[in-house]
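Which chain is which? They are A, B, C, D and E, in the order written, and residues in each are numbered from 1.
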Amino acid sequence: MNKILKLTLILGVVGAISGGALATVYKVTGPVISAQDAKTLQAGLSEVFPGDYQFEGLNEEFELSDSVVKIDDAYIVKSNGGIIGLVLQVTSPGSQAPIKLLVGTKKDGTVSGVKILESLETPGLGANASNSDYYVEKENKITFLGQFKGKKFSDNFVPKEDVIAITGATITSTAVARGVKVAGRVAHNYFKEKEGSG
Amino acid sequence: MKKYWKIVWNGITPSNPILILAIGLCSVVAVTNSVQNALLMTFVFSFVLIFSEVIISLLRKIIPGDIRVPIFVVVIATFTTIATLLSRAYFNSIYEAIKLYIFLVVVNCIIIGRAEAFSYQNSIVDSIFDGIGMSIGYSWVIIAIAAVREVFGNGTIAGFRVFPASYSPALVMILPPAGFLILGVLVGWLEFTLKKRKVKK
Amino acid sequence: MSYLANLGKIFVASAFVNNIVLLQFLGLCSYIGLTDNMHASIGMGYAVTFVTVLAAAVTWIIDRWILIPFHLQPFLQIVSFILVIGSLVGLVEIYIRKMSPHLYKAMGIYLPLIATNCLILGVTFINSLQGFDFVESIVEAVGAAIGYFMAMLILAGIRERLRNSELPDFFKGKAIAYMVSGIVALAFMGFQGMIK
Amino acid sequence: MKTFIISVATVGGFGAFFGALLGYFAEKYKVEENPLVKAIYEVLPHGECGACGFPGCHSCAEAIAEAQASVDVCVVGGAATTEKIKKVVEEFKNKASKN
Amino acid sequence: MDENLIDLIVTSSPHIRDKAKVSLIMRGVLIALMPATIAGLYFFGVGHTLGVVIVSILSAVVAEYLSCLIFRKKATAYDLSAAVTGLLLALTLPPSSPYWMVAVGAFVAIILGKWIFGGIGSNPFNPALVGRAFLMISWPTYMTIWVKPFTQSVFPPTSAITTATPLNIIKLKGFSEVLAMFDGSRLIMYKSLFLGNVAGSIGETSALLLLIGGIALIAKKIIDWRIPAGFIGTVFVLSAVFNRDPVFSILSGGLFLGAFFMATDYSSSPITVKGRLWYGISLGVLTVIFRQFGASPEGVMFSILIMNCFVPFLDKMLPRIYGHFAPKRRMNV
């Protein structure tokens, strides 16, 4: 009995100390991490929707055309009070972990830009998706994400057809294209609804 | 001073954690596809190893033998999490690259092995130097492997272009199969030379 | 996509497309260490299957019912997971050692090996990262375990066979196990793209 | 502060719970075993990595006790562990010869 | 081949290490591959294509020679096995492959595929396919450029018109598109595929000539009919199940080349009669699965490599020719 008590006590105390230490460290680093995330998000927003605009968080549930792609967040883009676009944060299943994307959409029905926020794709293959030195069209220096700029919502977004795939990374290419496609559909419905209601 | 140098040197070559002990190889294969990943892994590894060794050495008289392993594991996991949080807060871009492999540190046999074999029996100062030696021994090997893989697989070292842009990289080098193959050649070379040395003796 | 098809997809992905040993390098220590012996490989395979599923179930409960509701996930996940898995495995080992010496010989002796096997922890992290629900987590765990089992059997079979051939001195011992794994990994790359 | 307390309670609770269970199980399901195996097992690193080719440190200790493996089979422990195992084995031999 | 020697060759199952006999077998295989090779040169232009074949064979022989030196084994560079590996590798490569890549592939095939295991007879994997898989993963771009027949000029190879293989088109666009390529007539399609007038690897397109070579090898008892029969038969049946044109499925891609010349490699295929049959069937199943669900349109190579992994089990689990295990099993039941 004595032994059981001793083990309980020691393991409990060690656990408690560990929990306390971690909570303390998290208290210090937590704000830094969230500040960092916010900064990344802000930079991402202005990257997918270049120009001097205001971004505003949007709380709305969207109807999705795809069962595996999810919309985590949405931001409306405002210029002088008027809505000119929508940026969507999309999660699409990648080859190992989900890929988090920011997709900027314009009111005129085109994609303004795409950025990968988080991904765990294979270095040298899938990771080339966010590599700014990797061109899918070498002559025009167009990156994989760059090719989405200006694409219409109504496009098919199928790699090897209207989307140039990354060599040896079909899964990644499909995942990104799929995410953009869903975002496009959502944005299309959103703008239509806005117009309908005035 | 000489004693400490001997402890450090012991980790660098005579009982190098990868080359001689040949354990904890999961992380070796996993993170050596680029020098950058290998470097961050090295930082996390050294941080966790050194601090865990210190704490365990500090507590060595109190820890009961029956549950020493769970305690070691908790200590190691705690430092791993701290390392994760710190790298996430201050080196976010690299953290993104290897976050899947960070937990490999927790279950790295090298750390548990050193905790048990060295710091559970030695003083704090000795443990620090053992940690330093082991970290250096671990890092030079994984960085070397990573350099080879990155050069042939991507034409760069730590992001700097080494081969001209016209070089078409052998993608396989940064993919899983080459990790095994290079480790195989390395292990073969080691066992071969060690055997030779034994025969000579 | 129906829920069942989704489960099938998760299974194929974890067993073949992202084979946990060959393409994710988890559980290498035991993979290289034990495949010299076919008997041990099989025992380890059963033990890993059992523990992975157990661990996936338990950690899912801890993750969903304790860590996430109290916002502890970012900093307590690793510690709690490893503590719980390690202790559970220890308990199971002590128990079957006493209760069924037969089972202990076939599978139990491999249990301690698993407590610090990165494969188990890896699976639980993947489950948490992907946000799988309970059934999905179990399916992922079964897939990963079968992938591990398969890799163990392949390597053990080939190593057994290679015992009759005159390997070069350079590659005798563990080295050839790594080389074979490299080629098997090359073959398994063929499964890439099966999951869309 | 609330987070701090919850954290301490959670991990401390896990630790205490499993500590108690481990202690209880170890008592209740005790298995008699060869003292030599036990002694060798004590000095092995408990890393349970399997690098020696045996499934776990316990099997490794058994193999050493039955002389199926050499005393330097544990690479993780290195030279220090080898020395200790040698010592343990010798002690047992001496005891046996005295009896 | 000298008729008197054939009886000696038949019993090759526990592998024969005798140099003279090995070289005879290898010579047989080389001769059997000749028609398909010549067809490849005819369809894809003598210039660059011939270069690929020569570079591959030469590199393989050089690699073999070097390996003998490095690993201090008796020289086997002249038993023709390296030449066979080199030729097989070349036949699986696209006609426009750059020479350096071919050379790398041949070195990998010989050293990684064969010599690290101790040379001929010990390799658990088919060496030529190890080389090809290495290239496929390393340089997917070069490995998926296919040349339209009769368009690759002698010099320079760039003038060739690139196109997709029939399997490629089926993967991306569907069967009707393939049919449209042949004026919508199945008969013309079958004929083109059978003769080899389609895009593909150097030696895989002409089913007819591969069939002739394969049947010759079977007739000379150099290879066992069970593996190719099981393989091709399974692909035929399963393709129909998956609603693919079965005749198209067996004629297109590298199936004939793989079934007759790769899967039958002595040291990487099972040695039991039943084992061979099961081996062939499993290969067929895997190939259809790869073609149907995989990222790349063809799956013969990866199927063979994966089944190579399981050969030790096929040998172990199924009773041997000698009936050694059979009585024991019955006793258990």
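Assume contacts are C-beta pairs under 8 Å (C-beta built on N, C-alpha and C of every residue); 3 or more make two chains touch, one makes a residue touch a chain.
Treat the numbers as computed from the prediction; the structure is a model and nothing was measured.
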Joint neighbours of subunit D and subunit B, given as chain labels: A, C
Smallest count of steps, each to a touching chain, taking subunit A to subunit E: 1
Farthest-lying chain, centroid of Cα atoms versus that of subunit D: E
Chain pair that, of all pairs, has the most C-beta pairs in contact: B-C
Chain located farthest away, centre of subunit C as origin (C-alpha): E
Most central chain, Cα average position: C
Averaged-CA centre spacing for the pair subunit C and subunit B, given as whole angstrom: 22
Separation of subunit C from subunit D, taking each centre as the mean of its C-alpha atoms, in whole Å: 23
Centre-to-centre distance between subunit E and subunit B (centres being mean Cα positions), rounded to whole Å: 42
Interchain centroid distance [CA atoms averaged], subunit A/subunit C, Å: 30
For subunit E, residues that touch 2 or more chains besides their own: 112, 134, 137, 140-141, 295
Per-residue multi-chain contacts in subunit C, two or more chains: 24, 29, 32, 74-76, 79, 83, 87, 90, 115-116, 129, 170-171, 176, 179, 183, 186, 189, 192-193
For subunit A, residues contacting two or more additional chains: 3, 6-7, 10-11, 14-15, 18-19, 22-23, 25-26, 96-97, 168, 170-171
Touching chain combinations (by label order): A-B, A-C, A-D, A-E, B-C, B-D, B-E, C-D, C-E
Interface residues, subunit A side, partner subunit E - complex: 160-161, 167-168, 170-171
List of subunit C residues in touch with subunit B within their complex: 22-29, 32, 74-79, 82-83, 86-87, 90, 115-118, 121-122, 125, 129, 169-179, 181-183, 185-186, 189
Contact set on subunit C toward subunit A in their complex: 1, 6, 18, 24, 74-76, 79, 83, 126, 129-131, 192-193, 195-196
Partner subunit A, residues of subunit E touching it in the complex: 137, 140-141, 172, 295
Residue numbers on subunit A that touch subunit C, as the complex places them: 15, 18-19, 22-23, 25-26, 30, 67-68, 95-98, 170-171, 174
